[in-house]
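A, B, C, D, E and F label the chains in the order they appear, each numbered from 1.
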Amino acid sequence: MEFSAEAKASILVDALPYIQNFYGETIVIKYGGNAMINDDLKNKVMHDLVLMKYVGIRPIIVHGGGPDITSFLEKVGKTSTFVNGLRVTDRETAQIAEMVLVGKINSEIVSRLNSLNLKAVGLSGKDANLIVASKKYAAVKNADNTITNTDIGFVGEVKNINTALLYDLLDQNYVPVISPIGIGEDGNSYNINADYVAAEIAGAMSAKKMLLLTDIEGIYRDYNDKSTFISTLSKKEAEAMIADGSINGGMIPKVEACLRSLEKGAGKTSIIDGRQAHSLILELFTSQGIGTEVVHSN
Amino acid sequence: MEFSAEAKASILVDALPYIQNFYGETIVIKYGGNAMINDDLKNKVMHDLVLMKYVGIRPIIVHGGGPDITSFLEKVGKTSTFVNGLRVTDRETAQIAEMVLVGKINSEIVSRLNSLNLKAVGLSGKDANLIVASKKYAAVKNADNTITNTDIGFVGEVKNINTALLYDLLDQNYVPVISPIGIGEDGNSYNINADYVAAEIAGAMSAKKMLLLTDIEGIYRDYNDKSTFISTLSKKEAEAMIADGSINGGMIPKVEACLRSLEKGAGKTSIIDGRQAHSLILELFTSQGIGTEVVHSN
Amino acid sequence: MEFSAEAKASILVDALPYIQNFYGETIVIKYGGNAMINDDLKNKVMHDLVLMKYVGIRPIIVHGGGPDITSFLEKVGKTSTFVNGLRVTDRETAQIAEMVLVGKINSEIVSRLNSLNLKAVGLSGKDANLIVASKKYAAVKNADNTITNTDIGFVGEVKNINTALLYDLLDQNYVPVISPIGIGEDGNSYNINADYVAAEIAGAMSAKKMLLLTDIEGIYRDYNDKSTFISTLSKKEAEAMIADGSINGGMIPKVEACLRSLEKGAGKTSIIDGRQAHSLILELFTSQGIGTEVVHSN
Amino acid sequence: MEFSAEAKASILVDALPYIQNFYGETIVIKYGGNAMINDDLKNKVMHDLVLMKYVGIRPIIVHGGGPDITSFLEKVGKTSTFVNGLRVTDRETAQIAEMVLVGKINSEIVSRLNSLNLKAVGLSGKDANLIVASKKYAAVKNADNTITNTDIGFVGEVKNINTALLYDLLDQNYVPVISPIGIGEDGNSYNINADYVAAEIAGAMSAKKMLLLTDIEGIYRDYNDKSTFISTLSKKEAEAMIADGSINGGMIPKVEACLRSLEKGAGKTSIIDGRQAHSLILELFTSQGIGTEVVHSN
Amino acid sequence: MEFSAEAKASILVDALPYIQNFYGETIVIKYGGNAMINDDLKNKVMHDLVLMKYVGIRPIIVHGGGPDITSFLEKVGKTSTFVNGLRVTDRETAQIAEMVLVGKINSEIVSRLNSLNLKAVGLSGKDANLIVASKKYAAVKNADNTITNTDIGFVGEVKNINTALLYDLLDQNYVPVISPIGIGEDGNSYNINADYVAAEIAGAMSAKKMLLLTDIEGIYRDYNDKSTFISTLSKKEAEAMIADGSINGGMIPKVEACLRSLEKGAGKTSIIDGRQAHSLILELFTSQGIGTEVVHSN
Amino acid sequence: MEFSAEAKASILVDALPYIQNFYGETIVIKYGGNAMINDDLKNKVMHDLVLMKYVGIRPIIVHGGGPDITSFLEKVGKTSTFVNGLRVTDRETAQIAEMVLVGKINSEIVSRLNSLNLKAVGLSGKDANLIVASKKYAAVKNADNTITNTDIGFVGEVKNINTALLYDLLDQNYVPVISPIGIGEDGNSYNINADYVAAEIAGAMSAKKMLLLTDIEGIYRDYNDKSTFISTLSKKEAEAMIADGSINGGMIPKVEACLRSLEKGAGKTSIIDGRQAHSLILELFTSQGIGTEVVHSN
């Protein structure tokens, strides 16, 4: 479709109030799912990030692992067992995951952004102790309904974010791209869920917004009735919907990451559909927005 | 006309290379003509300027006088005489022109921009001796074809631009709005043609581009044949077209202002049609561009 | 009168403690009255301001309107009506006042100061929204002694001072010269009494001193007895003298401006006689001082 | 062995002239060989680097690959072919090498240094386009003694070093740890010999010294006669010894890296024996030094 | 004794945790006693100070008077009387003491340090009013056990430390060397005990440590039993030992200086034996330490 | 004599062009002679210096020795011999001179200035190696008219000025007061003629002016005819007058110091009469000026 010059100009000007709103602000993007697999989507996300930077936003990207880790474990003949859906991560598994995250996925994002004239810098949580992790146990429910905290290896959760390196880089106009690897106080590397890493970083940096790129449209009041799509959800409402089971399954950790980010200091959070082309731009710079915002209060 | 979210997003992203090109650069805009009279156009120019600022451009606005000066002179019962098309400007006329330019036109532009959350600051050439002027004489052709330089009062030309105030303001994110009044070394105020003021300031500031907002489409090789519109003109070509008379009449000073600006240090110049809505955005951020660029070389 | 070199040297050195006292401090000067009309006085005020700047003071000048506004209204055949002594200011009147203040009076002060090698910059309250105004009503006393707030058009009072532009200019060694025009939140321009503008700016800038240049010697305890001249008046005393009527007539707004300035943060205020040559220097740098100081307490 | 307090103090003070010599200077260390394999040596290198930082040196570490790459290629069942001793590097091999270098070796160095209270940050040549690479061909000698430049895949050489990121990090007291991966102008990753990367970075940063940690004592005039060990070698002498074959085999690229570094701007270079405990400290801070210095001239 | 290179390297690395502990910290050294007389010790103190500076410490030196003052007074035929062990200091005595301290002792320290490539700057308490003094009286016990405060002339105690000059110099990497002369509010110079000057400066600068170089090993619980040497003493313990007389004689003012320094803001204090070669380095950078630390609490 | 307020004000304003001329400039004052002995003159010089600082000048004071050195040498029973009018300066003499200069004279100037609210800091040429000296020999004319360079001990001349400390102090608004002691590359202290020290410092600092306070009115073309007083002398003229003997005796070194200062970079120099009250102010801030200026050219 071709647009008239006038149409283009007016669309650019219509974006102005949104641009002004985010000018100079930090936004944390969790990049994952389809948008990290499909080459056309990948390309569009990169352009979206560059545009964000050029209209005055300070973006921080946290990426997930995608299918590469699994395929690499297979390649070296490593089979995984799972507890409560969490992969039991022995030292070798942890090492391979780190290599894939830092040496392949992060590296590719960085070089794509740099080819578009950003100054992207890849980081893991080990750099200047950016992400301090503690060991996470799987809470396994026993037959008698008691809970046993089960050791599943080098899986961690965020204990602390050391923000100095991020401020130093942002102030010099670099764009940080972060792998979700934490450094334990025991000196070990820990794999951490990327949604939570993004949430904690957005909180610690007092980000104006955290955006979780997912493979769903957002949250429905009733998942089977598309007309019940929710544009904005308060913390209180989200907590109630988790409690009454209307938010469930894989959606729970996404919403919990949003809640955590708000608690730690983020301004707003959004779960958006990364399968949609230019989803970041749509969410930030158009009146429609997309996805579901989880906010402090309505 | 309503656009889909996807259309909007892709138009925004298409603007990216243009935004990158002008990022951090100074652009001088001569604001005048219809775009300063028609209220809808006025409003759109203001939004264009705000957008330019938010995508990283450092805009400087130089405005002209428009019909306000003439109507004010009439109001006080002052009639003007003209020599070679230049208004003979006695002290009272000069004073009234300055009052209209500085106290009415400049003032209105500043408050409109500020209402859109820019930090605009109105200046005249007297502030910190920004524009040093020298007296300009009208070159009157006598019957015997000799030229007499005729005194026409307080009409000036730019002798020197003191750029320090502009750099100080731009570095603090202010947007300067400049009235074309110069200060003579004799202490008198001089009215100066705004196109030339814009040209000299763009040169002195090494602006990436100077944009002259006019009431014409641009330059035609043959004015009667609309198919001969010229998108880009080199200095050499422009000089040739003035010499052979294909650029003539009121277009000569516009083109001369462009040539002067290039000589003094501007990167590019454009004569654009201010009657077109969002002409600044169209020229800067779309592939079509509008108007005629006058550049160092093709 | 000619002085010996020794006399000159000792007078310069005697000024030292006063110079030390004001070094690095902001002083706001309300410039108006005779000192703005008489050409010799004008010239001396300019030299006083330059000297103040060179001995380390950061001066800010707020000027009034003087007779120029009235004479210009006459010139365009505009007659004014008054309510409670306040000019009813329709849009055209407001526009002409702004043109005279900004485009003539301010402009002349700026160029005079610059010719003496200061870096003066003219401002109105619209620049970077320096002076935010709200509409002021005339309090008309009815026959039954009730008060009616009467709309007198575009007459304003100071709602807020945005000091950032002043700090940015002072820190770069510019001297701001300010016209008493405010910008309303409704987007309209408002004329404001210059004494009050000076008072509010002195307060907002925590000025060491505000100086009101007037056409009177200062305050007398008994106006008919010249021996009752008051050199220093505390806030409390001034309030009492207004309450008991010993300060009255045109002196009331002067003293109220001083009181307002002290409340908003100024260190001291002075009402001085601008008809006296070099009144600013006398007040600041000699043991005699001149005029009446209004201070927080004795 | 236990030392008296006096002995300790005097050794510390004896180091003073060496410390003064390197104070505030950049030193580039190529870390590789045994010092990267033996755990005790590893540990000592880390302490050496921390000491260097704390006595005012700005260290930059470039690491090599070691045996990890080969063992990982084996693990995924990838066999390598070699041309002229250079591994033919297809896309998968390049990817695995990058993962091992960036996601394992670099990552381990960074976390070891951070555990000793440095602020180490891992980088690859892709970060902010630090190392721009061009494709390197193997010069294969044909039967008829002609040379064919043979494509061996994603093996590169340094085309350009973008130093800005390094200066920004050093100025904020970070310690950069760099993997020898370059980014091609074609967007591909290239593996580069780490000695050359260290050499080019030392040159581009005008390093006071480049240190190549190797598994040899240094250079002998006659390798079979230990008494012919060379402490210092001028550029000219080194070139002569390569030409006459007295430097040969695996020593050639080491010495060529030194020569290249000197040409590009490094002050001095040293080939030192990483098998010796605390070799960095010995070389820098004691009168003995170790290894062979290659310098501009004697 | 000659050490192997390995021994040297390991001793340097062993100092690392101590170096890290003091990095960037201010340390105040009272320099006096034998270390200021014996030429070999003098030389070693100078080297110790240079080393301290180069490993990131910000040293401030306060020196005492030593025997030079007495010998100079003798040379000009001036005999002294003493009250309570304090020299009665008339104006001439005070002047001679100042000349010796500032013009001889301080000057010599400064030039020795500068010859070792420090940037030392000599100061007295008069420079920028660094040390403001008040008159100190000798408390003379009368026959009836009452106390008479006896005037002993220009002997002072510290009233206030103006730290700005020290911060300005330290921030520019200068090393201040301070003579214990204070300036009274009466304009007179006062001699002050150098231990107390060091104590007050260490407190005012929040020094990490104050070191008093003395001619004793430190504090013994029982002076006659060398086995009762005390390495660390809390404030509370020190106060108790003064009260019960186990600290007595010339040791009292040393310990009181330590206590005063802790109260005013120093982190730790140490009384060390300046007769020991390299005592500063031993105390700061080795596990043994020397002397007695007086600290806030154990 | 009492002056009217108006007279005072006009004198202050008359100083304005002089104040503007020196604003922000460095001026070096050689302080010596009567102005350093007579208490009233002393006091007036101090006030002059403070005034200079407060009107924006960056003063640097270099003081001479005056009679104090001689009287102190006498006090310790030291008799001096002279060669060519230069005191033979053995180590003890040099030490005493340094003590008097640094510990008495400098110290008194510093405390007087500080009591007037300047931030004066005393320096000798040893501080941060400010004045590097070389040994000066007396050129003794032998009977046969040959010259023998005779060793007269620790008398020096300026070899180099290290300006960094002066810039650091001036930029922080300190006023340096400098004793004419140099540090030799041999580590010895050297006494240097203060006029030459002032000259070299003024040159090295590119001072706008050097002022030599002396006990003469200035230079006469014919010393016996007071009407031949010279206000301004060019370098060329001064050199000619030395050559032809019209400048002779004690005036030669004064004029040579001026010439040296001009050569090394000072703008202007003046020999002024320190016996005149407020001579500095008279010279700098009045139309009369005093003394003789020696300048590059007329």
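A few notes on this one:
We adopt the following convention: a contact is a pair of C-beta atoms (placed from the backbone, for glycine too) under 8 Å apart; a residue touches a chain by one contact, two chains touch by 3 or more.
Every value quoted in this text rests on a predicted model; they were computed, and no experiment measured them.
Against reference pair B-C, the listed pairs A-D, D-E or C-F yield one interface repeat, A-D (criterion: more than half of contact pairs the same by residue number).
Inter-chain centre distance (chain B to chain F, centres taken as mean C-alpha positions): 57 Å.
Put simply, the C-alpha centre of chain E and that of chain F have 36 angstrom between them. Within chain F, no positions touching two or more other chains are listed.
Viewed as a network of touching protein chains, the structure reduces to one closed ring of chains, two contacts apiece.
Around the ring, proceeding from chain D in the sense that reaches chain E first, the chains are ordered D, E, F, C, B, A.
Remark: chain A residues 75-76, 95, 98-104, 107, 110-111, 114-115, 119-124, 126-129, 165, 168, 172, 174, 181, 183, 187, 189 touch chain D in the complex. Interface residues of chain B facing chain A in the complex, by the touch rule stated above, are 1, 3, 5-16, 19-20, 23, 44, 47-48, 50-51, 54-56, 117, 277-278, 281-282, 285-286, 288, 290.
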